[in-house]
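These are the structures, in structure tokens.
First chain A sits with chain B, and in the next complex the same chain sits with chain C.
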Partner chain A sequence: MINDFQYLKPASLKEALAMYAEHDDCKVICGGQSLLIVLRQGMLAPEYLVDIKHVNELKYIKFDEKDGLRIGATTTHREVEKSDIIAKKYPALVAMEQKLASIQTRNWGTIGGNLAHADPAGDLAPVLIALNAEIKFGNVDGEKTVPLDEFFVDYFETQMGHGDLVLEAHVPAPEPKSGCAYQKFNLLDSEMGIVAAAASVVLNADGTCKNARIVLGNAGPTPLRVTKAEDLLKGKKLDDKLFTEAGQIASEEAQPVADIHASEEHRRHVLGVLTKRMLKKAFEQAQKAA
Partner chain B sequence: MSHKKFSVINTPVHNIDGIAKVTGRATYTFDVKLPGMLYGKILRSPHPHAKIINIDTTRAMELPGVHAVVTGKDTLGIKQGIWRRYEELCDEQILPLEKVRYIGEPVAAVAAVTEEIAEAALDLIDVEYEVLPAVYEPLEAIKKDAPTIHEGVERNINVTRHIEWGDVDEGFEQADYIREDWFKCSGQHHMCMETRAAVSNFTPEGKLTVWTSTQSAYYHQALLAGVFGLREGDVRILAPYVGGGFGGKFEIDSAQFCSGILSMKLHKPVKIVLTREEDFIASKRRTPMFYYVRTGMKKDGTFVARESRMFSNGGAYTGMGATALYLSGFFHSFPYKWQSYRYDGYRVYTNTMPSTSMRGFGAPQAMFCSEQQIDWMCADLGLDPFEVRRKNGHTEGYEVPGQAFIASCGLEQCINEIEKWVKSKGKLPANRGIGISSCGFMSGGIFNWFDSPYSFSSAVITINVDGTVELHVGCQDIGQGSNTTMAIIAAETLGVKVEDIRVHSGDTAHCPADLGAWGSRQTLMAGNAVKMACEDAKKQLLEFAYAEMGINIVYDLDIKDRWVHIVARPERGMKYEDLVKKALRAKDGQRIMGRGYYTPHRKGMISPAYSYMMQAVDAEIDPETGKIKIHEVMTAHDCGQPINPLGLIGQLEGAASMALGYAYLEDMPFEDGKMMNPNLVDYKVIRAPEMPKTDIIEIDTYEPEGPYGAKEAGEGLTNPTAAALGNAVFNALGIQMKELPITPERVRKALAEKKEAQK
Partner chain C sequence: MKKQVLTFRVNGDEYEILIHPKTLLADAIREHVGLTGTKRGCDTVSCGACTVMVNGMSVKSCSVLAIQCEGMDITTVEGLEENGKLSPIQRAFLDNGSYQCGFCTPGMLMSSTAFLNEMGDKKPSEEEIRESIEGNICRCTGYNSIVRAIDAVAQGKYKEE
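Moving on to the complex of A and B:
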């Protein structure tokens, strides 16, 4: 049962930040797709809820060839999924969204809420990190922008403190000869991932690997970069053998925890398989890309 | 064929309550709100096995808004059960006096002015327990030194069942090839959209009315009267709409019992709706089973002997589990003519939630073992699995020795159709396989362990002045569409349209008794009662028609599509509405009423009729991760004469989603007696977007015992799927899956073992 709370509905971002700063025992709600579950389970029982659903200043998708993509925090998953420009420039983001829970959840859930919730099994963060995204958050005193892979601190914990709101996710413009792919492993395609892997590959003009990013989902307390495997690939001519090797490293570097859905061994094994497959997919996209 | 000349039957009809449901106007128990109603909550045991030393309710009673707190001491302490004829199987006190036997068992209940206060009061009840050693698995619980769960029950064996025919030892002597395997079949949650719920209203006049989510209003009337010390007639059950049952809603549940006790104490209405978590941990479940199967075949594929032993995890109480124990062993022989057959089933108590009946009633487990082993033996002997099934399959007129007589059987056609379908798919890509499984199912049980003195099914129809019809039935619509089925049978029989029929069900005060919705019984049994009631009324109407039309008595009269006419001269007749008006005047204003009933006689031990089917599952397995993708489920199905093609498709799709869930998704893991996934994030069920394509080929047969030739269609469709998926995995990767559900890790393990064996 959800405990009673005071409902606050700010009209602007400024007002929202002020309300949040004013009340100590206070949580922020937007789509409610993460918060409502923990409220219902009684894990949280805040006295105040600030509802930022109507703070329209944070609802936008902007793209610029130089600056890249900027998504406001209250933009819904469904808006990302349905965005033509994102489909064209960052198809991996759209593909990820299509398998994120149900349409109902995507209609309500927002980008900001998803990242602030910091569930290591979340689908959004691994793809954004693979795309080298940064995140902007702020409070009444100011704003701060950090690389997204540094934003997450622990299970359900980020660099944000009380009074901080996620404001925007920023993804750099796609580099030439680049590709990105994401897949989660689960029993039903749109369920939460038991484990997941995202990979991006950027190629040099000579076809060698200029850069690669590998991010594992639900493989530790936060989305997990596998830099050791990334370093293995950089500067090399990529092939299946290297992808398998990178998968092996990912499997070893991961820190998955067993639960009823899969053992630790199975999680590590599948993380290796997914890493190998996503690297290959990203590589093939990069080869075809302009 | 005469049975095909229908005006209503076999044309697609939308559920007659569909609009009320999709527009939110249908009143489920959850929606019932009465003046002065209180809300109840139940305190449940955190221990799998413990003595109750003391329960102190003082602090809870002091909380403002709390009206009553009840414990076992407030009850009559009656040990109840649904197998009423067998005292030793009536083993469950819903608020136990002495000890708890599973985590989630109710120990106290609170009624308060709001749900929140009732919930808060639970924390203020002080229960002192003495924790006892517990046991969770049947193969452990059956050991000599295992803890005793029920006093006086040796080795925790709750019920045993023996089925045997032919000379099994001689059969194995004759066999050219014998194979034996162990299988482990998991439990499954019923997962009704509507959790268990009840609003009980006991009034000072001594009458109790209960709105509840039930599969059998009559069972609950009788059972609740029993535990509350009331006369059956003083208990009225109302269940106008029920959000699913699947075999889990005809024993007394904690919502019904606790709201009843509280209401009787307070003389106020009390409502209890179980949360999803409570429904998961403290209702009942599909029975987990361990099967040992030994089968003997001739080189040519003739089935000469089978010997099976089954140990089921009964959980803490009997429930409907005793029936599942028998039916599992019976359907384990299906649908084949075993020259000799022996089954020994042991239902074992454990300190886990009780297990009970669930759609398929023990058959999905039995088929998972039997149908896979048959395929493996065919592969070992180089035989064609279709041919072997055809060779040994039931046929019309066959008698299962000492058990059942098969009056109609379309199995061979089912096998032929699926064989054609599978062959049409040609060669499959790597890691993809199609698996088959055949089976059959009953059309209602002939069991009467409930000891009902009433007919198994009854119906009453009354015809209004304008020709509209009030049809009162005791059969229970739980979402499967039985009210629609009954309306179709009534309209067909009487010669009117479906919209002329208003169906009344789910009210014991106004509807005749009926055993309810279980064992696929309603279409055949209640359908026969409805048909008889309508024939009774029609005969009376036609008597007036003869007089009114003044025709020669050698002519036959009939009514079709509201037209009363001479059968040989259909243009000569009168309007049905006019006839009804005239009949009313002629009977001094009494309305025409018809009565019908059905109780099976001379139909063997199990059921009056059996459906048959073969199913094929097309699946692809990722050998690296073990993940299974289901491409398609195709079923050839003999349900006799289909009554409502739309209803049939609905049942098929529902069964496929439930049975696929059982095959590769749904599981109820326990740790120290505690269910680890009592929520819909961690308990996986297939949702609409993930449903694979399903289709059905209807096989035309006619069942002489069924209304218009109809048999069961819905429950049996849950039986073949897990086995068919297992066989698909076998055909795709050559591995044998002996444990349910078929998870990616189990697939990988089996692949690793296969690799090891090949070294």
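Moving on to the complex of A and C:
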């Protein structure tokens, strides 16, 4: 049962930020695909709810060859999934969206809400972090942009304080000779991953690894970058043996917990396998890329 | 807490209802508009029995605040028939026996209608059809007959002469 709240409908982003700042016991709703579950469970019972679903200033997908991709916070998952430019430039994002929850949820849920909710099992953040994304958030006093992997600080906690709203996700333009892949491990695609792994690989002209990023989902309190595994690959000529080794290191760096879905040991094992496979997939894409 | 006026269209008819802002779209449709075809199954965004279309997009009405639908067009399962005639997908469900207990049917019909609208004249693959109802659970596990029904409509078997 959802507690009563006062519903506030701002006419603009500016007004939304002012309303949020004005009320202490206040939450923001956009698609509400995460928030309504938490409200229904009674884990949150705010006195005020600011609705930004209709705030069109934050609804956009922009791409520029130099600047890269900018997605406004109130853009829905489905809009990302159906975007031709994202399919062309960042196919891993579209592939991830196709398996994020259900069509119904993607039609209404937004990328800003997904990131603000900060569920470590979320699908969006690992792929964005693998793509080296940053996130812009702000309040009545100003804006701030931080790398997305620094944005998450704990289970369902981010750097944002009261009054802060997610404004935009920014992904740099794809580098030449790069690839990115994501897969979650679960019984139903529409569920969140029991564990998940995203990997990106950028190659030098001579075929050696210029950069690699590995991000694990549902493997700790936040989407988790495993930097030791990444470091192993940099500067080297990549092969299956290295991918297996990186998977091994990733499974050791992971911080999974045991729950009804899987034991810690099982999670570590699958994370190692997924890391290996995603690295290989990202590497093969990078080899084929211009 | 103060009730608020919500004005929206359901199956083409204008409604002005007085609701608490916390009212979910599923409850607004069932209890305030009085159309009970839309089902509440799980209430946790899992089963899809509550699927309706908002401005042509399928959503799970148990996880949308009704007040967010101000001025919008809602289509429920009751809105599929036209002038007393069942829609193509409804007829295909009948012909293919795509009902067992029937509880998931309204949601299945709405998801497949949204999918078929989106496809237009394109012929979807079986995989695409299965993906289109991934957000809907049939606990009788009668998926194959549902997939056959959607495919029949997609293949143009229910086109009006």
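We take it that the second predicted complex is superposed on the first by the 290 of 290 C-alpha atoms of A that agree within 3 Å, B and C clash if a C-alpha of one lies under 4 Å from a C-alpha of the other, contacts with A are read in each partner's own complex, and residues count from 1 in each chain.
Assume contacts are C-beta pairs under 8 Å (C-beta built on N, C-alpha and C of every residue); 3 or more make two chains touch, one makes a residue touch a chain.
Just so it is clear, the structure is predicted and the values come from calculations on it, not from any experiment.
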item: Room on chain A for both chain B and chain C (clash or fit); value: clash
item: Touched partner set for A:Ile260, first chain B, second chain C, both or neither; value: first
item: Partner chain(s) touched by A:Ala101 [first = chain B, second = chain C, both, neither]; value: second
item: Chain B versus chain C as contact partner of A:Val273, first or second or both or neither; value: first
item: Contacts of A:Phe5 with chain B and chain C, given as first, second, both or neither; value: second
item: First (chain B), second (chain C), both or neither touched by A:Gln159; value: neither
item: Of chain B and chain C, the chain that contacts the larger number of chain A residues; value: C
item: Partner chain(s) touched by A:Ser190 [first = chain B, second = chain C, both, neither]; value: both
item: A:Thr227 touches, of chain B and chain C: first, second, both or neither?; value: neither
item: Contact residues common to both interfaces of chain A (with chain B and with chain C); value: 37, 102, 188-190
item: For the chain C and chain A complex, residues of the former touching the latter; value: 1-2, 4, 20-22, 24, 43-45, 48, 51, 54, 57-60, 63-65, 67-68, 111, 114-115, 131-132, 134-136
item: Contact set on chain A toward chain C in their complex; value: 2-7, 29, 32-33, 36-37, 39-40, 49, 51, 53-54, 78, 98, 101-105, 107-108, 188-190
item: Residue ranges of chain A touching chain B (in the complex, touch as defined); value: 1, 37, 102, 185, 187-192, 260-263, 266, 269-270, 273-274
item: Chain A contact footprint on chain B (complex, rising order); value: 115-116, 119, 624-627, 664-665, 667, 669, 676-677, 681-682, 684, 686-687, 689-690, 743-745, 748
